[in-house]
Amino acid sequence: MNAWLTVLKRDLLLAFRRRSDVATTLFFFLIVSSLFPLGIGPEPAVLSSIAPGVLWVAALLAGMISLTRLFAADFADGSLEQMLLAPQSLALLVTAKTLAHWLVCGLPVVLLAPLIGLQYALPNNALLVLVFSLLLGTPALSLIGAIGAALTLGVRGSGLLVALLVLPLYIPVLIFGAGAVAASQHGMSAQAHLSLLAACSLLALVLAPLATAAALRISVE
Amino acid sequence: MNINWFKYSSPQTFYPLAGKMIPWFAWLAAILAIAGLYISFAIAPTDFQQGEAYRIIFVHVPAAWMSMVIYIVMACWAGIGLALNARLSAMMAQALAPTGAVFTLIALVTGSLWGKPMWGTWWVWDARLTSELILLFLYLGFIALQASIDDPRKADRAGALLALVGAVNVPIIYFSVKWWSTLHQGSSINMGAAPKMAATMLLGMLIMALAFWMYTIAVALMRVRCIMLERERSADWVKELSLKSASRGKA
Amino acid sequence: MLSAQGLACLRGDRLLFKNVGFELNAGGLLYVLGENGSGKSSLLRMLCGLLTPEEGTVFWLGKKIKQDSENYLSNLSYIGHLNGLKDDLTALENLQIGARLAGNHVNDAEALASLTKIGIARCANLPVRVLSQGQKRRVALAVLWLTKAKLWILDEPFAALDVASVDVLAARLGEHMTNGGMTIITTHQDVLIHAQTTQTLRLSA
């Protein structure tokens, strides 16, 4: 547990010293979601009908572009090796790193999302569901993404490759997440969607760190 | 001293064995394909709703079956390769991936060709077509990952892990896509509700599926032989082989 | 205590070495020698369990290292050719985080003392980013004054060090062996290290 906290604190401290990286993710989210109204037109009815999908896809992409940073720096400077040699379960340390990644890249997006939702003319109850669905779903994105980030360590063109590997695996989260917001827009209960989203995150929490740990061992060889 | 039999016995003994098996599977594939196509185009009755256009399902459905089965087989080989550090299994996984991707592509193309006369559009976001599309992405991811890692053993293991992760995800993806399509488009369009099948239709489909199986095995064996030669080019048995074929070429 | 049998290493399709074996006991020092690219670093990584050997096995106290990895890793201190330091953290922070990851709680005073030993205490609160190559190396090596590990595996520890630091480090290694520790080391420099037993392993394909 000590090592777990050490890794979490270390990654948060590093992110704090490199605040611009965090801002980059947020700006990306902001820009992508502002491009759609420019491309489609400012019609509030149209915007509000595409909002769930657009905002979720933007959140998904923002999480994905930050993935390449998750292990790459540690891999390059050798601290990943030291982590592999720590007398603790690597999968556990991976959860600490993933949690730090989510706190730094996922949570800000969740908090910013309702503001952008307002620009998309989403009603209040849908805004609430949007925040809630992102809160439940983005941890799964970080956890699944970590597998892809670990697999592509030290590989040529890893940024693009990680997208190819990870985006198909994000589809269920996208469907349930955007579905939840859409359901609440149409006055239906979003509970089923949200439960499935939580299930995805829980399943990812159990399985993904194991796969990530295995992938890290393969990549470091 | 524990000897890893998988590692040492496999490639050089399997190479000639595979060479002998290929013609058999290739001929079986050809014969079954001719029989299957004859049944589907000559014997099977014309569908009273869809006319002749429905006959594309004789290719579409078996191709869709194969695309899924090959992914499972590939993940199994990959898992065995990862667990036992067996080189041959990893090579089999690598050899199967392109064939799987091709069948997925065939299923997609034939699906959209079938869609045109039925619904008047080339593409519908129907659950089955969408799942096939995602499956294609999974195949492409596997192939791309393997291709971008230089060290073949590392590529094997990374690819294997990805295939396993994909295999765990496939049912979840399939379920989510089904859920999504039932939410978004009522019941007017559904590929699952194929025309009521006559016995001859089912027979045609089964024979075509068998033909595809034989084709897959033959092609995978051919490809695995190439991979073996490339990977083991510095091994003695490959050098001997190339010497032999060189001298045969001169004579 | 640490032994290896029939190790072989394949890089791409090139065989770097095969049939490498040795036995290292308390107080023992093992030099791994060989030309550039002969697989010295690969061998060290194999002994740590970072690299899976093509053939052969590594044993710690008679057990395969993969079987009892937690016990083995808590007895191991490895410094590879990468320093494992984060550029944005200070030397002190780096040292403390590294020690804590290895399961070893270290307070400021202890960490500072170890930096003093290797003569780099005045950089303790600077971010590692601004240090020179040799200074970074010394920060990484300072962990050797903190660790309780019995087995040290060091990849070119003397590279980039100045003469004074080389002597300090050699003395520290000698002290470790006197206390019954073990060291496996690769080096291109002629440095005298005192040990109860000294072995040499020369790698060639």
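Letters A, B and C name the chains as they come in the text, with residue numbers starting at 1 for each one.
Convention: contacts are C-beta pairs under 8 Å (C-beta built on N, C-alpha and C of every residue); 3 or more make two chains touch, one makes a residue touch a chain.
Just so you know, these numbers come straight off a predicted model, no measurement behind them.
Most remote from chain A, judged by the distance between CA-atom centroids, is C. The central chain here, found by comparing per-chain C-alpha centres with the mean of all protein C-alpha atoms, is A. Per-chain CA centroids place chain B at a distance of 48 Å from chain C. Averaging C-alpha coordinates per chain places the centre of chain A 37 Å away from that of chain C.
Remark: chain A and chain B have CA centroids separated by 32 Å (rounded to whole angstrom). Counting partners per residue, chain A has 221 as the residues that reach two or more other chains. Across the assembly, chain C contributes residues 52 that each touch 2 or more other chains.
Chain B makes touch with chain C in their complex at residues 1, 85, 150-153, 231-234.
On the side of chain A, the complex with chain C involves touching residues 2-3, 6-7, 10, 13-14, 17-18, 73, 76-79, 81-88, 220-221. Residues of chain A touching chain B in their complex: 147, 151-152, 155-157, 161, 164-165, 167-169, 171-172, 175-176, 179, 196, 200, 203, 207, 211, 214-215, 218-219, 221.
Interface of chain C with chain B (complex): residues 6, 10-14, 52.
Within the complex formed with chain A, the residues of chain C that make contact are 48-52, 69-71, 73-74, 76, 78, 80-89, 93, 97-98, 100-103, 105.
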